[in-house]
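Once you scroll down, you'll see the structures, which are given as structure tokens.
Across the two complexes that follow, chain A remains constant while its partner is chain B and subsequently chain C.
Showing the complex of A and B:
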């Protein structure tokens, strides 16, 4: 799978992120708001750990089992978040993805803009018939992004996720290729 | 080949890990294709050699603690009737996914509900689970009956989630929390 993907939307560019951007990623994640909402996300990553993770992301992308896209804000050229296809199931032609964005860039429609472009791209590149995503109960911002992008709620898995000493419900969403209106 | 040595008993059943020597019997159970019709990914036809290899692989995964496979045997006759398995144990979140099937001669007799109930009791403890999930493709009434009898709640329907026999089929998901299982 080529990893030189470059998608353009009115305000954003989606593209591979580089090892040199590890520090920027750490800065975006430093306030812990992403780790609070995304189960399993490591807290307080050092730039070295972040580099190791970026390397791993690149390797997966090259193998074609994932697709990690950095979200760059056009007007500053800076990375503001990530959209990542992490679960590719070729035999059923579906894929699952996740995303995050730095605190100060939220509620501006950036994530919806990025997710729409990424989802459209992944449908085409991986020949999916369906894509899915889920978030933890209470992460309404995440649900809104998916609904804005045309996803439908398909289920609530009770106490599905162990997060910070509690079991939390997971809300699942799906979209079919023919439902893609963008 | 060594297997995990343990046995669960119910009124009418014995549940225990299969051995490669059970391959022939399993081959007969699967031969009519009725199991492959409702379980995506199960090959059909499925040769004796492939089944033997699959059992050997399952034994290995079980020994590694990655899965748990239980043959369902009729107590009275010692006849293998089907299989019950934890196919995916997610230790981080304390949940696991269960799958099961019975040969067509043994359906509609309440065997599966009896087997799953005993297996759940064992698995909740053995793997320190808080929750067990299961899914079936749309229209598999027999499977949803088992899930409902066990007190599992329908938690979602994933549209066109599974490619099966030339069609995209919905996956219907059920879940059971440990506390609800023990409340019954």
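Showing the complex of A and C:
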């Protein structure tokens, strides 16, 4: 899979993120709000750990088993978040993804804009019939992004994820290729 | 070593390499492939062999338990029942099962799945056990209903089944509900220590 993807939307550019952006990512994640909403997300990563993660992301992208896209704000040229296809299942023609954005950039429609562009791109690049995503019960902003991007809610898996000592429901969403209206 | 689970008419035991031939025989007979979403098509003896050889590491790592369903009378394998994949961190597992076509409609699947549910909720202390089925598989759905499973959703066109994209229905039961509803009165007798 080519890792030189570059997608442009009115306000954003989606592109590969670099090792040199490890510190920036740490800063964006420093307030812990992503770790609070995404089960298994490591807390308080050091720039070195972040670099290791970025390297791994690149390796997966090169193998064609994932696609990690940094979200850059055109206005400032800064990285503000990530959209990542991490669950590619070629035999069943579907793929699952996740996303996050720095706290100060939320509720401005950026993730909706990014997810639409990324989903469209992934449908085109991988031979998907369907794409999926899920979030923990209570993460309404995340559900909103998916609905904004044309996804339909397909089910609630009860107590599906362990998170900070609790077992939490997971809400699953899907979109079919023919439902892509953008 | 995982001890056998002893039910009323059945014994559930782990597979050995020698069982591959029998698994292949059961899975290539009749209409069974229509109902199993994830089966390689055609299904080869090597598929059965590699499936069995994967089970041991999964069991050792606690990420999946697969049992042969055997007839107590003659020790003959009649099908499979599994809790795999199993996620120890999230304490959930997928229930899977199939029976050779000759053994359908005799309550064996209900008996075997009830026994493994008890094993999953008591011995393994899982919090959630879920199952998937194809929409046309009413027999499977009846079993899940009998187990007290609830439908949680329909994953649209989620799998490629024999060249066509098919919906997949997801059902589950929680440990708490299983205990409350006396499904737990059906206890497997295991020789686990």
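The rule is simple: the second predicted complex is superposed on the first by the 182 of 182 C-alpha atoms of A that agree within 3 Å, B and C clash if a C-alpha of one lies under 4 Å from a C-alpha of the other, contacts with A are read in each partner's own complex, and residues count from 1 in each chain.
We take it that contacts are C-beta pairs under 8 Å (C-beta built on N, C-alpha and C of every residue); 3 or more make two chains touch, one makes a residue touch a chain.
All values derive from a computational prediction rather than experimental measurement.
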Combined model on chain A: chain C and chain B, fit or clash: clash
First, second, both or neither for A:130, with chain B first and chain C second: both
Chain B versus chain C as contact partner of A:16, first or second or both or neither: neither
Contacts of A:92 with chain B and chain C, given as first, second, both or neither: both
Touching partner for A:172 - first (chain B), second (chain C), both, neither: both
Which superposed partner A:160 touches (first chain B, second chain C, both, neither): both
Shared chain A contacts, counted only where both chain B and chain C touch the same residue: 91-94, 129-130, 132, 152, 154-162, 167, 172, 174, 176
Interfacial residue positions of chain B with respect to chain A in the complex: 41, 92-95, 130-131, 133, 153, 155-163, 168, 173, 175, 177
Chain C - residues contacting chain A, complex: 89-92, 127-128, 130, 152-160, 165, 170, 172, 174
Parts of chain A lying in touch with chain C, wherever the complex brings them together: 91-94, 129-130, 132, 152, 154-162, 167, 172, 174, 176
Interface residues, chain A side, partner chain B - complex: 39-40, 91-94, 129-130, 132, 152, 154-162, 167, 172, 174, 176
